[in-house]
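Each of the next two complexes has subunit A plus one other chain: subunit B in the first, subunit C in the second.
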Partner chain A sequence: MKLNLPVVSRLIIVVIIASVLLTFGLARNSSAIVPPCPVATDATIAQMAQQWAASFKTPYCAYLDKRRNILLKQKLVAGVLQQTSAMSEIFRVTEESTSIVKRIEKVARRINLKNQGVADMAAAKLRALRSGAGLTTYSAGEKAFAKASRVEKALEKFSSTAFDFCSRHQAQKDAAKLAYLRGLVQAQELRLLSLLKMMEALEGER
Partner chain B sequence: MNRIGARKRLLSLVSFLLAGGVLLGAGLVPRKGDCFVKCSPVIAVTNYPYFSALLKNLVEDRLITELRLCLSEQLSLALLPGSFRALETRLRKATDLSTLVDDIVSDGLGSQLAFVKTRMNIEVFASRLNKAAVTALSKELKRLGFEESRVREVLSDYRREFLNSRRALATYTDEVRDFQIRTAEFLPVSARLLSRMTVLGGKMDVADGIQGRQGAEVSGNTRQILDECAIHAKGALKNIAAIAEVSLADSIGRGFCGASGTYLAARLEKLRGLEGKAAVSSQDIARVLESVDRAAIAVPSEYVGTSTAGLADMAAGIRTSLTARMRDGIAAALLVVNKAMSLEKEKERAINRLYNGIEQEIKRLLGDAGFFAAVARDRSRVSLLDREDIKKITVLLAGRNSSMLRRRLAVRHYIVARISLETATAIRSGLSGFDPATIDRGYEDMAWKDLARFNYYLLSMENQKLKLLALRAMTESLVTEDPDVSRYAEDSGLPEGF
Partner chain C sequence: MKDRLRMIPGTKMGKVICGVVIFFLLATSAYATAVQVINFPALMSMVQKMVTQAITDKIKAVWNEEVKIKLEPGTINTKAVSFVKYNISSFTDKMISQYMKNNAGAFARGDGKLFAETAKSKTAPIIPSANSDFKEFQKKIREVSILLAGAPGGGTDRMKHFTTAEYAAVKLRDVFNQASVVAYEKASEGVYVAERFRKELSSFDPAYIDGAKSDQAVKDLAKLAYYNAMLQSEMLAVMSQGEMRRALEGR
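Here is the complex of A and B:
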């Protein structure tokens, strides 16, 4: 049997092409040694990342909101010193009572302006002023004492150890309230001191 | 003919050489790198939505744990006591709930870690897996009608040659260890969170109790916090379990079952030849392998579930102990704090009570000329600052020859001045022992407490000063001997608080 040369050549070419195809194509893809990995392209990774971020955002933000509300609530809690309103109310009472005003007017009316010299008239006026100052000072002292007694009574129900067991926000509020109350008390003191000094000044003329 | 044959041989040789060269070249050409990368078992066995949910849960657990720790720290700092008059040892001890919590939590953590070490290790998992595989194999072999001795022999070989071999263990060791390590790493974090949060809850309960803001439940905040921690720990363990289940199922499904199948197929093939039974077909062998695989695949889920349930039970036990201990601890702390507060007020009241007692006594003696005379005639020296002589001084003031109003005013004036002196001494001695630089060493939160306390002292002193000034104003007005003032004073009487 004679073999035709072109047929053999064609056979050889077919063998070569088949081996190339098998090597780079089918044989490689059907390899049983290396299993195929799941395809994770940039697009799918980006999509997944978005999904993770979106699904995580809701619970995380919900938790943060919840906690923020707790912190806000803590900031809104009233201080431990709860008597401050009652104490500031004590100082809201008017200083001069009508009875004192009437008495001062009565003293002033006693000054006799008829047939008097300047010195006598001045002395009479100063006397009236001294009486007025004395009355005002006494009345102011009386009222201040009553107020101080009421404040003392209000503070009796409070112990400063409570500050150690409250939150910082409560302590801040209480510190501010106490400073305000001190302001009220000091204003009262200044008033009394001024009246005393006025009285002293008028007494110097006696 | 010969020439043609030689050309054919030459061409054949050339073509074979070329084909060989091509194949060799193809083998040498570098392949795409990604095919050599070991694929992630998680990605390989799960779909993306599942993986996404798992990752989200893990991130959530991690971040929210950090968030919880951070916020609890912040809240806890806000509840620290001030630096001034640092709580006396007894009070500090009674109100420090961390010792109560730490004991229980560290004991609980110890038990949990021991559980992880002894009940979640490779030996335990291997034992369960082997038992399941052996049981399934034994059942199948019996079903196929093998003799008892033959079954025992096969099972013994299976255990010795495959199940206990390094090859079999290697298929799941990493995954079991990962689960064990991940759980062991999570538990201390969870315990730390539980400990800090419970102490915070206790502090909040004590604060609420002192302010009388709470109803019947003494430990409401603690209970809520414990509930929150329990949910968190349960969720995190669930996530760890889910990951472990996926990776273990993958390793068992691919590695273990594959190797086991190969071994059993070969072993059963030999058995078939020995028995000479036509009934044990290839289908029978495939069925045996399938049963063993099914039994093995079910083990990871059951193992992970049992382990997680065990840990959850222990966590529940810790929570129960903490609830009971904290309830008692908070009640005890409240009792001690309330006692300390009463004591503090008691010290303040004691001075007032002493002087008010003297004043009341003097009030009764105001008209008693005999007593006044006895004190006046007494030759012993009267000291201004001696506490024993207060009564004598007030008697002398009360016995003066003036109106009842003036005498009472004088007595009161002196008493208030004495109380003020005592108050000033007490506050001064309290303040002098304190180094203000201590405030620098504490947190800002603590400084606020001190500031509030100092403001309280200032208010008390200011109020006392106002009282003194008011009495001075009244006395000096009367000293003017102005008839209008005297008349007014007699008419209006003494003010409230006298």
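Here is the complex of A and C:
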């Protein structure tokens, strides 16, 4: 069946199709509205705002997260002074407190407690204690010297210039470790000094 | 053909076609203009608010995280460190002001009972272990202090014929004995404190500092600086008491 429309009818159809294309296709695209917004309601504006906000905030938040992770990583890096654990081991050795008592008792056994006056016995006891304190001080000095030598040897391997090439965070950690070691050394020094002063206090005529 | 086209707008159908075309063109233009001109500022304002809120929330979250890190405690447990609390000074002060005033030295009139009992007891005087309880430690130290303080001299009745120099010598000897007691007890405290410090802190592995955050290390550093200051102060006290005693020696 052949469709034979008059010229006017054909023209009408062409115009309508062209108008529809122009309105919903070419004209809308050429107006630079992406995406097309036939009815500009609050809902569509909010949707667009969300999309735009997301595109703005995502790179900014990613940058902040990246910076925070870098900082956190820096905080967790170990210090450059690695020998501290080995050095603290040196101080873990305890002094034999029982041996001190035994030493003094050994000296005290030599005191003749028979037929002695109160003053003589007091003097004899102090003499025994002085001898014991002397032995203890000598032993403590010997051990302290051994510990100090070992720590010194361990520290010699480390160059303090390394702090210039490490981060502030690492230097802070090493400062804490060195303060810890200094504390242990000072405790040893205090112990030795105190024993020496105890021994001195037992000396002298009364 | 041209003539036919010219006739179209004149016809009824031609007018309808032209009207439809104009309507569609006007409608397209109106929609585009409406979105671009009227709603664009509202849209931008909304976007600005949303972006500002999102960024503010993110900055707050990062800041809170940073504050949380800064508030984390150090790796050294301060509750396990007790060496700072031991002090023998008040104990020694009582020995000097209460016991020695009446029971030791040339000017004392006491019966010297405690001195005699301590001297005659069969137990040997010892330097007690720092592992013992502090009160127990003090008790053992006191036995030696009583011996160091000496017996009572009987008072001034026996010094009637003393010259000024002899009086001075007796007084200095008494002061020397007091200084000996003070130096001995302070030095004992020093031994106890040093041993406690070593015991309490040598169990701590400094490698923990490496594993923690640098903010925690700074806190540990401050704690250790405090402990070091306490140790140094103890050292100064022991040394100064000992040197005061030494200054009186041989006079």
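One rule holds for everything that comes next: the second predicted complex is superposed on the first by the 141 of 206 C-alpha atoms of A that agree within 3 Å, B and C clash if a C-alpha of one lies under 4 Å from a C-alpha of the other, contacts with A are read in each partner's own complex, and residues count from 1 in each chain.
The rule is simple: a residue touches a chain if its C-beta (ideal position, glycine included) is under 8 Å from a C-beta of that chain, and two chains touch if they have at least 3 such contacts.
For clarity, every value in this text was computed on a predicted model and none was experimentally measured.
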Next on the checklist: By the touch definition at the top of the document, which applies to A:Ala46: first (subunit B), second (subunit C), both, or neither?
Outcome noted: second
Original post:
Where does A:Leu181 make contact in the superposed view: on subunit B (first), on subunit C (second), on both, or on neither?
Top reply: both
For A:Asn69, select first, second, both or neither according to whether it touches subunit B, subunit C, the two together, or no partner.
neither
In the overlay, answer first, second, both or neither for which of subunit B and subunit C A:Glu142 touches.
first
- Message: So in the superposed three-chain picture, is A:Cys61 touching just subunit B, just subunit C, both, or none of them (first/second/both/neither)?
- Response: second
Message: In the overlaid three-chain picture, which partner chain does A:Ala119 touch, first (subunit B) or second (subunit C), both, or neither?
response: second
So the subunit A residues that subunit B and subunit C both touch are 8, 12, 15-16, 19-20, 23, 37-38, 40, 48, 52, 56, 60, 64, 74, 100, 107, 168-169, 172, 175, 179, 181-182, 186, 188-189, 193, 195-196, 200
Note: in the complex, subunit B contacts subunit A through residues 4, 7-8, 11-12, 14-15, 18-19, 22-23, 26-27, 34-37, 39, 43-44, 48-49, 51-53, 55-56, 59-60, 63-64, 67, 71, 74-75, 77-79, 81-82, 85, 87, 95, 206-207, 210-211, 337, 340-342, 344-345, 348-349, 444-445, 448-449, 451-453, 455-460, 462-467, 469-474, 476-478, 480, 482, 484-485, 488-489, 492, 494-498
Residue set of subunit A touching subunit B in the complex reads 2-3, 5, 8-9, 12, 15-16, 19-20, 23-24, 34-38, 40, 44, 48, 51-52, 55-56, 59-60, 63-64, 67, 70-71, 74, 80-81, 99-100, 103, 107, 130-131, 134-135, 137-152, 155-156, 158-169, 171-172, 174-175, 178-179, 181-182, 185-186, 188-189, 192-193, 195-196, 199-200, 203
Touching subunit A in the complex, subunit C uses residues 4, 8, 11, 13, 17, 20-21, 24-25, 27-29, 31-32, 34-36, 38-39, 42-43, 46-47, 50-51, 54-55, 58-59, 62, 65-66, 69, 112, 115-116, 118-120, 122, 124-127, 129-131, 144, 147-148, 150-151, 173, 176-177, 180-181, 183-184, 186-191, 193-195, 197-199, 201-207, 209-215, 217-218, 220-221, 224-225, 227-228, 231-232, 234-235, 238-239, 241-242, 245-246, 249-250
Listed in rising order, the residues of subunit A that touch subunit C in the complex are 7-8, 11-12, 15-16, 18-20, 22-23, 27-28, 31-33, 37-38, 40, 45-46, 48-50, 52-53, 56-57, 60-61, 64-65, 68, 72, 74-76, 78-79, 84-85, 88, 91-92, 94-95, 97-98, 100-101, 104-105, 107-108, 113, 118-119, 121-122, 125-126, 128-129, 132-133, 136, 168-170, 172-173, 175-177, 179-184, 186-191, 193-198, 200-202, 204, 206
